[in-house]
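Chain lettering (A, B and C) follows the sequence in which the chains are written, and residue indices restart at 1 in each chain.
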Amino acid sequence: MHFCLMYQTLKDLCEVFAPSGDESRMKDFLLDYISKNQSEWVVQPEIIAGDEWHDNVILVFGEPRTAIFAHIDSIGFTVRYENQLVPIGGPDVQSGYFLRGEDSKGEILCRLEMNKEGNLFYHFGRAIDRGTNLVFESNFRETDEYVQSCYLDNRLGVLNALKVAETLENGIIVFSTREEHGGGAVPQVAKFIYEKYGVRQALISDITWVTDGVHHGKGVAISMRDRGLPRRTWLNRILKYATDSGIAYQLEIEGSGSSDARELQESDYPFDWCFIGAPEDHVHSPEEKVFKFDFESMINMYQYLMKKL
Amino acid sequence: MHFCLMYQTLKDLCEVFAPSGDESRMKDFLLDYISKNQSEWVVQPEIIAGDEWHDNVILVFGEPRTAIFAHIDSIGFTVRYENQLVPIGGPDVQSGYFLRGEDSKGEILCRLEMNKEGNLFYHFGRAIDRGTNLVFESNFRETDEYVQSCYLDNRLGVLNALKVAETLENGIIVFSTREEHGGGAVPQVAKFIYEKYGVRQALISDITWVTDGVHHGKGVAISMRDRGLPRRTWLNRILKYATDSGIAYQLEIEGSGSSDARELQESDYPFDWCFIGAPEDHVHSPEEKVFKFDFESMINMYQYLMKKL
Amino acid sequence: MHFCLMYQTLKDLCEVFAPSGDESRMKDFLLDYISKNQSEWVVQPEIIAGDEWHDNVILVFGEPRTAIFAHIDSIGFTVRYENQLVPIGGPDVQSGYFLRGEDSKGEILCRLEMNKEGNLFYHFGRAIDRGTNLVFESNFRETDEYVQSCYLDNRLGVLNALKVAETLENGIIVFSTREEHGGGAVPQVAKFIYEKYGVRQALISDITWVTDGVHHGKGVAISMRDRGLPRRTWLNRILKYATDSGIAYQLEIEGSGSSDARELQESDYPFDWCFIGAPEDHVHSPEEKVFKFDFESMINMYQYLMKKL
């Protein structure tokens, strides 16, 4: 996949409707993408999917030692009663954002409204069926320097995994669901990859935040902690490899935020994990923005670490 | 069980002392009830209970595909120091509510008091032993239209399961503990019914809230979401069956609240789940009120779905 | 171990650097201690440790029926950007507390500062590496009546387990990690000890709070509840034994606070558990204070209960 094609794939990914709990279209997109592209991959993975796995997809390459987790779901909204909305995950909310979806009466493109009390509503020419899920309307933009769109979190994490898949010899890639809304999908996967393959190392392929310590254009962020704490002795191994690699990276330290790693940590299995991802600003809004240099550092770092770990 | 008998059973259930973590009396009540009644059931279930299961009781009928979860515990209070009380779960608190229990000195019927800071106390003629659990004094009322009592949540859910048991051919009924106070009992059960029977479909037999979108007398509520999100493709199957059934139901959409479903979702197993229950008002107070039409729709809907799913 | 030696061991334990997620030094300390002392124990335990167990250590004595859980981690701080700090767990924070650690440039002894907004900083003569963990500087004090130091919570719980180990014939001792910061280590251990040994009884060897109902010098506290609720029928067994023992104890009832017990309760296994520990004041500060009488009651109570349960 050339880089120009790569960002075309990103645009396609950003347009897939997949709020938490409702990821069947993304599962189908990925299975189709893998089917069309895997013949050019160095190793043909075993593909684990199906109703028993809900909308999760697992790829197993060679003799795996480490798993990449890339969540495929997004934040969004559910239509409640009257014209009320209830959030899925923690979306940024500003009156005027465009939302799209579909109900029994057809396709929907409506506007988000928030009143002074913080309650959420849709503005549309007709009533929308109770329980309909809505997501941000995609508005993908690309320059030489950066990409900007809703849902770069975590379609870039998914794209990273797909890029790493091209040359991966030994490893597991997990396309996981429900991350944005409290989780619940990772425990089944953790049990499976530990019990079947003995895999207990994980890299979290997800997007993080630009802050006062993590900046655009400085390389991929390696998170030393967020709300969760990776085991320090294992983290030190990652940092040594990262330095040896010569690939641009920056260290992140936060007291809040979590990821699929939380469920690995809380599982019955002794997972070590580290969140490694490009930083974005305008988090969980339609204006998420990530610099290409940081994302390409992310791909390089994953390719390097998946060989070393 | 005739309907008049049914509401007598409800009254009995509402009087059983079973705050979260202290459900042994309800376990005994249920085992006794099942022992006396199961000869009239269409299928004799396997009964799984005992110290290894704490106060949970599991009934297995035929070749199960779907499990009903009905929690048997209630909210309540624990006596702290002096005349202070600490809540069990999230009870409604108003000065004057009657509370009952028993300690080393005998039976207790006391009054709840809340001061301006929201601290809770009991008012009684003597000191109550430290650590004594108290529940609302039962005050069961029945009219042609509705029932009203403390603990309709979830004695109606339990009663629903007992009614469904009468004609159930294939299925599992779980009488679960600890739901009102953070859970912790469902994971063991989830592991067991998945590993032993391959069951990964669950209906949550519990009571929900009257809101601006869910009303008395409109039928059982099928929850499209609360804090948790049932998998949408599976939810759509339920809704199709519900519509086909011709049984009165209403759709619920909320952003908060949870149930035994949370622990199924977070388990190591791929459970699909849906909360289906009659709505009440005066939630978690001694005045919980449910319309008989809604509860009887609940029984009918469970009977129908347990055949179809 | 004589009592004077015992409190020397406590001083050593309090000086071990082991914030949550970074407990390798404590694991090494314990393995070394056990290696040097176990020849004088009544029963030689099987020692379970190693990378598959992260920094947890498990000792199995004879034919175990009950496990003691003593968490080895402490609260602390992580260096963020500039001179900012992020807490590990819930430390007490007051400007002027001494913190120590080590980074690539050498050893660190700095001061904690908190501004009016509650943000945390370090004050030191040079910049500290991003991601460096810091803990309270140890300042151990001992009188005839009491001990005072940072990290009595939970080095006293660890010491209690080491003292009980001396005469333990049948039982498991778990030195667990990560308790102060959201947990995540206990599920693997719970699965192991239940599946391999059938053990599903647990005593939580941890330190609790002096309150309006739990006082210094009144004996070990047996917690009837905190945020979690031990199963009442099992709790009643403990209380009966405790009374029979003649050992000084006091009953604790709280609505908040939790321990390793939370993860046992939420596990896939039917654990019964009870928190039993001496009370301290100045919780999570460098001034934690525990009366020797209460701690020695704790040791006696554990020795007694491990035989009876």
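Observations on the structure shown:
Please note the rule applied: contacts are C-beta pairs under 8 Å (C-beta built on N, C-alpha and C of every residue); 3 or more make two chains touch, one makes a residue touch a chain.
Chain-to-protein mapping (UniProt): A, B, C = Aminopeptidase.
Just so it is clear, the structure is predicted and the values come from calculations on it, not from any experiment.
Judged by shared residue numbers over all numbers used at their interface, chain A (Aminopeptidase) and chain C (Aminopeptidase) contact each other through mostly different positions, with under half in common.
Superposing the C-alpha atoms of chain A (Aminopeptidase) onto chain B (Aminopeptidase) requires a rotation of 120 degrees, rounded to the nearest 5. Averaged Cα coordinates give chain A (Aminopeptidase) a centre that lies 37 Å from the centre of chain C (Aminopeptidase).
Taken residue by residue, chain B (Aminopeptidase) touches two or more other chains at 267-268, whereas all remaining positions touch fewer. Taken in their complex, chain B (Aminopeptidase) has these residues touching chain C (Aminopeptidase): 20-22, 24, 52-55, 78-82, 86-88, 130-131, 133, 178, 181-184, 187-188, 190-191, 263, 267-268.
For chain B (Aminopeptidase) in complex with chain A (Aminopeptidase), the touching residues are 200, 211-213, 224-225, 227-233, 251, 253-255, 265-270, 272.
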